[in-house]
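One chain, chain A, links the two complexes that follow: it is found with chain B in the first and with chain C in the second.
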Partner chain A sequence: MVFDKKKSPYLFLLPFLIMFFSFWLWPILQSLYWSMLEWDGLRAPTFVGFRNYIKLFSEQDYIIALSNTVSAAIVYIGIMVIVALFLGFMLNSSILPGRAAFRTIIFLPVTVSLPVIALVFFIIFAKNNGVLNNIISTLGFGRSIDWLGDPRINLWSIVSLRIWRASGFYAIFILAGLQSIPEEVIEASIIDGASGWKTIRLIVLPLLRPVIIYVIIASSIWAFQLFEEPWILTRGGPVNSTATIAMHVYRNGFQFFQLGYASASAYVLTAIIVVFALIQLLINKGK
Partner chain B sequence: MVQNKARRKTKRVLSIVLMVIIGVIMFFPLYWMLVSSFRTNDQIYSTTLNLLPTSLMLKNYADLLLTTKFVYWFTNSVLITLSTTLLGLVLCTIAGFALARYRFRFRNAIFLLIFIMISIPRFTTIIPLFKIMSQLNFTDTYLSLILPFAVNPLALFLMKQYLESIPEDLLDSARIDGLNELQMVIRIVMPIIKPAIGAAGVNIVMMTWNDYLFPLVMMSSERKLVLTVGLASLKTLYVVEYGMIMAGSVISVLPLIIAFLIFQKQFVAGLIAGSVKG
Partner chain C sequence: MKKVLTAAAILLLSFGFLSASGAEESKAEGPIELSYWGWGPHVVGVNETISPAFKEMYPDVTVKAEALGPWDLMDKFYVSMVSGKGAPDAAQLVRRVSEKYLISELLYDFTGFMNEYDGQFSEALNRDVLSVDGKYLGIPLDYGPSALFYNKPLAEKLGIDVSTIVTWDDFYELAVKISREYPDLYIMTQYYPAGTWGSNYYRMFMQSAGANIYDAEGKVIRNNQKMVEVLEFLYKLHADVKTLNIPVNDPLMWEESRKNNILFYPRNSYFSGEMEQQVPEMDGVIHTIPWPLWSEDDDPQYTGNWGGVALVVPQKGPHADIAAEFCKFFATNVEALTQHWYTTTGVPSYAPARDNIIKDNTNETFAKGLMEAITVREVGPWYYTDWAQTEKILGDGLDNMFGGKLTPAEAWQWTEDQLIKILGR
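Let's look at the complex of A and B:
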């Protein structure tokens, strides 16, 4: 019998594993090897060791992309976590009516794809008579702001749309965390005379720590891969002000056909993500 | 006491006002997408602020369908998402069952390897993956997107977790009834793991439907593009009605938003279990 108890586990795993190996594991390993090649994909590659990595860190454009990616990710995660905490507390607050409807509304943005959100914000952020500038001037603040063109603020405009999209989603995690804290714990501390803010700071936030760490790790994996919004909105410009590492990989890999160099760039990004996640896990374990 | 009560009331009113303001901010971009889809460029970029819907002009929708390849893009996205999800669910269910219910050599090693991959960004694979797909002659075909995304470590993980909770008695009685292992999985197990299928399915659907980078790289001919890539490509045209792009955006978000509104509970539970891109 083919599907007996002995052979079945292997047969069940086989299709998944074959595809997993071909389309995940093998490309990841291959990419590591490619990152040490100088190769345009057509002619024979030459092995250059770590020279691609050294070249990366001496390239001005790459350093800018790296600094944009890291600062955008950190600001995004920081603000998003605070907003999500705030929304989570609101969702958990028994004095608010209509919380179910509120939950639906703040969850909706995450069902919309990043490219579509980028397109919508492209018209909202428009410098000349975009709706945001129109609202600002109607409120009497005069000057129109070049949200996407001004190199001092455009990266933060892009970060803000990510915050808008993700906060409601992560607020649901915070809510789940809050609901798992027994009410007696909170009540007891109030009876003890701790004020509301003190209760939150000293009792609720420490209990929420695992959830917060989870939200930070989960969101960071995507935050560091920032690509869709700057690519669609600004193509990384003006003068690299919104260039990111993912964009660097895409350009070098698929426009300049520097496969080795682009692989090295992708590996640095992966290393950053893994290290960031490990640091978070260690912080969580250490305390 | 009276003062306390009054203070509590003010607090309540303030909280409600705050909630409404946040709700409006969260909803506004989606609202603006819809309103703009009925407007001309001059109305979208009007010198005066006009927040209320002015007309129900359907010209943008007609132009979108008649002058662009939108119908192809939509069909591509639907077919790719459905096939990826179906294939993914079958692969992940049987593989998850193997990892959850049998003891065999290398089981833990295999599981650990797959588990680690959940946190490795997909992005790292894209350059070699493109090469692999072109060697297989799969670029510019659905297969280049379906095959890599049907093997979803996260979905497998969710499946395995759930499948561990099925009572062994149920499986034993199926075996006594003379079913072989495959028949048992198909006839007995699959019908009772709907929550896991829902959770894994939501994650695969969202990842596939909303993806941009992989389809951008893999698909090159205009008729083969998916929705996200096709819509974004409209923005780079010389003369473009932004209302038309918004019309396309509205149609592209409707399937997931409708699904979300109908299956809200399962949707949220599924995404929380998997934590999708955000």
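Let's look at the complex of A and C:
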């Protein structure tokens, strides 16, 4: 059999192209079209153009969900990266005994199923006889705090759970990055008289930048899709104080049967994630 | 250009192939396996008892029930209806939110059957969400009337005579007194209003008071004084009584139950089945009394209802007719429904089955005295109009009240305004 050298590569690419169009591009285009429909998925749809997008930004619940999602994501990413860096440095340190055991322990939270974690955090955050409130009470501060019920703090309680859960996972990436830095570079800086802090600031962190950027981008996608933890712990309440865009998408799509509206909501979320990732890539490129 | 056209043709053919391979299989002959989606212990009952009983009538048909979580099931059922693929032959749905499926082309029409059994299914349950334009597109399988569950040994230890609780005022007075005497004890569970189940919990109180959000035409009842009174009571309870505040069925509740730290559980009949699964070691500990009245003069004496289960059959399924026969069999089979009661503690909607359970009550439910507690009350009328969205708005209103942002009267006014603004009702 003789293969046409110009055409045969397309033949080999065909399986990938089919998968790419069917499971990646097609759903994206399809949901973009859906976002311009008024449609419950069960009856004939009505084309409404950008009306769903306009409605989104006039809906108070959506604005609250958007604000919660963005602020939770920024705080989560900021603190999580610092904690992951700290853990990564700690795990890379030769003076830490039992490093392998620590590595496993730090990685464990991300492997535990969410309902189990939710139970543990309910016990920690419980208003009456919760672990945190018992500690506060032992320290002499009498008033018990409603960690999950007080709209001023409950989003941050959930963010702290997320940070605890994800830091160990991303610390492993930091650790891998640290271990890929040649020892000679560190040794050279020490020989040149740099202090420990200067070595970290001027040598290690710049070399670690691609890993840190990766951690920020990868974690930001997860951060903006905040759903499971507030859904299990608070169902988005009270008064939408822990509601997020992902929850808005789910509620409107699956509970209210507003597929077009939910698609528009999902598209805004996607746009936010893309813009956030682009900004980070541009910052990295600029440096 | 030729290359582009060729590539496009290949891609189109590929899509065609993919679509064709996902097409519904043609009607099978010979042995049939019906797929049935359900949740909870109910599924075990279908596989072990109800399916074999149905097989005696239809030897070629086997019903295989698959267990999913109730909201998982609702999501998957919706996806299958939207995509037209992967739907089961029959399913149980959360009845209070199944209103949006009432489209003739979508679900099997049970009108003939429901007319034949006219009066055998409670009218209060039929009229709510399963009928549209005079057609019944589902069968009400069971429902969950409210009752007041309590930890009997704990009540006895505290010297409480539960028979003195007739009205909610009686309950409140007792609850405040115990809260003061035993500050470490949770008098009752109270749920976060946000989200599906939380709102529904408070709705039981509203329904039992004879209140309603909507009228029969689906319009929001304005200046709803009855509803304000219920909210005022709930607020008083929240403020003065020590309650365990959690989402519904949170694991923490089972933990505190095991430790005998919760005295009362204002819930619905399904709660007995849930407790049996979650805290089997409490067998014999949990007892029930009728849902308290709002006044001793209440006539009729109402209780609330969790909502219940509907049986539906997707219209376009390859075995829709036989699946419909199975649903009819299940929903009217006294033996099957009696079994269903003892596994799920869902009260059969089919009156003869309910009467049979009352007559032969062996008191074998996990929570003792349950059937007696629920049958002395009538389920209050309730209109589940646009219920999924209403539940969310109601939850936000209650959140505003419990959070101290609004008084009960203001919270209800806010809820009314939101319902009118968002749902246009």
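Here, the second predicted complex is superposed on the first by the 257 of 287 C-alpha atoms of A that agree within 3 Å, B and C clash if a C-alpha of one lies under 4 Å from a C-alpha of the other, contacts with A are read in each partner's own complex, and residues count from 1 in each chain.
We adopt the following convention: a contact is a pair of C-beta atoms (placed from the backbone, for glycine too) under 8 Å apart; a residue touches a chain by one contact, two chains touch by 3 or more.
The model shown is predicted, which means the values in this text are computed figures rather than measured ones.
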{"item": "Residues of chain A touched, compared between chain B and chain C (which is higher)", "value": "B"}
{"item": "Touching partner for A:111 - first (chain B), second (chain C), both, neither", "value": "first"}
{"item": "Partner chain(s) touched by A:256 [first = chain B, second = chain C, both, neither]", "value": "second"}
{"item": "Touching partner for A:122 - first (chain B), second (chain C), both, neither", "value": "both"}
{"item": "Which superposed partner A:47 touches (first chain B, second chain C, both, neither)", "value": "neither"}
{"item": "First (chain B), second (chain C), both or neither touched by A:10", "value": "both"}
{"item": "Touched partner set for A:141, first chain B, second chain C, both or neither", "value": "neither"}
{"item": "First, second, both or neither for A:57, with chain B first and chain C second", "value": "neither"}
{"item": "Partner chain in contact with A:166 - chain B first, chain C second, else both or neither", "value": "first"}
{"item": "Partner chain(s) touched by A:22 [first = chain B, second = chain C, both, neither]", "value": "both"}
{"item": "Shared chain A contacts, counted only where both chain B and chain C touch the same residue", "value": "10, 17, 22, 41, 115, 118-119, 122-123, 126, 128-129, 232, 254, 259"}
{"item": "Residue ranges of chain A touching chain C (in the complex, touch as defined)", "value": "10, 14, 17-18, 21-22, 40-43, 115, 118-119, 122-123, 126-129, 146, 149, 151, 231-240, 251, 254-257, 259"}
{"item": "Chain A-facing residues of chain C, complex", "value": "7, 10-11, 14-15, 18, 74-75, 78, 81-82, 97, 100-101, 103, 106, 184, 186, 192-196, 198, 242, 244-247, 250-252, 255, 388-389, 392, 395-396, 399-400, 402-403, 405"}
{"item": "Contacting residues of chain A [partner chain B, same complex]", "value": "1-5, 8-13, 15-17, 19-20, 22-28, 30-31, 34, 41, 87, 90, 93, 95-98, 101-102, 104-124, 126, 128-131, 134-135, 137-138, 164-166, 168-170, 172-173, 176, 214, 217-219, 221-222, 224-225, 227-228, 232, 246, 249-250, 253-254, 259, 262-263, 266-267, 269-270, 273-274, 277"}
{"item": "Residues on chain B engaged by chain A in the complex (per definition of touch)", "value": "11-12, 15-16, 18-19, 22-23, 25-27, 29-30, 32-33, 36, 44-49, 51, 91-92, 94-95, 97-99, 102, 104, 107, 110, 113-114, 117, 119-121, 123-132, 147-148, 150-151, 153, 156, 180-183, 185, 206, 209-213, 217, 227-229, 231-232, 235, 242, 245-246, 249, 252-253, 256-257, 260-261, 264, 268, 271-272, 275-278"}
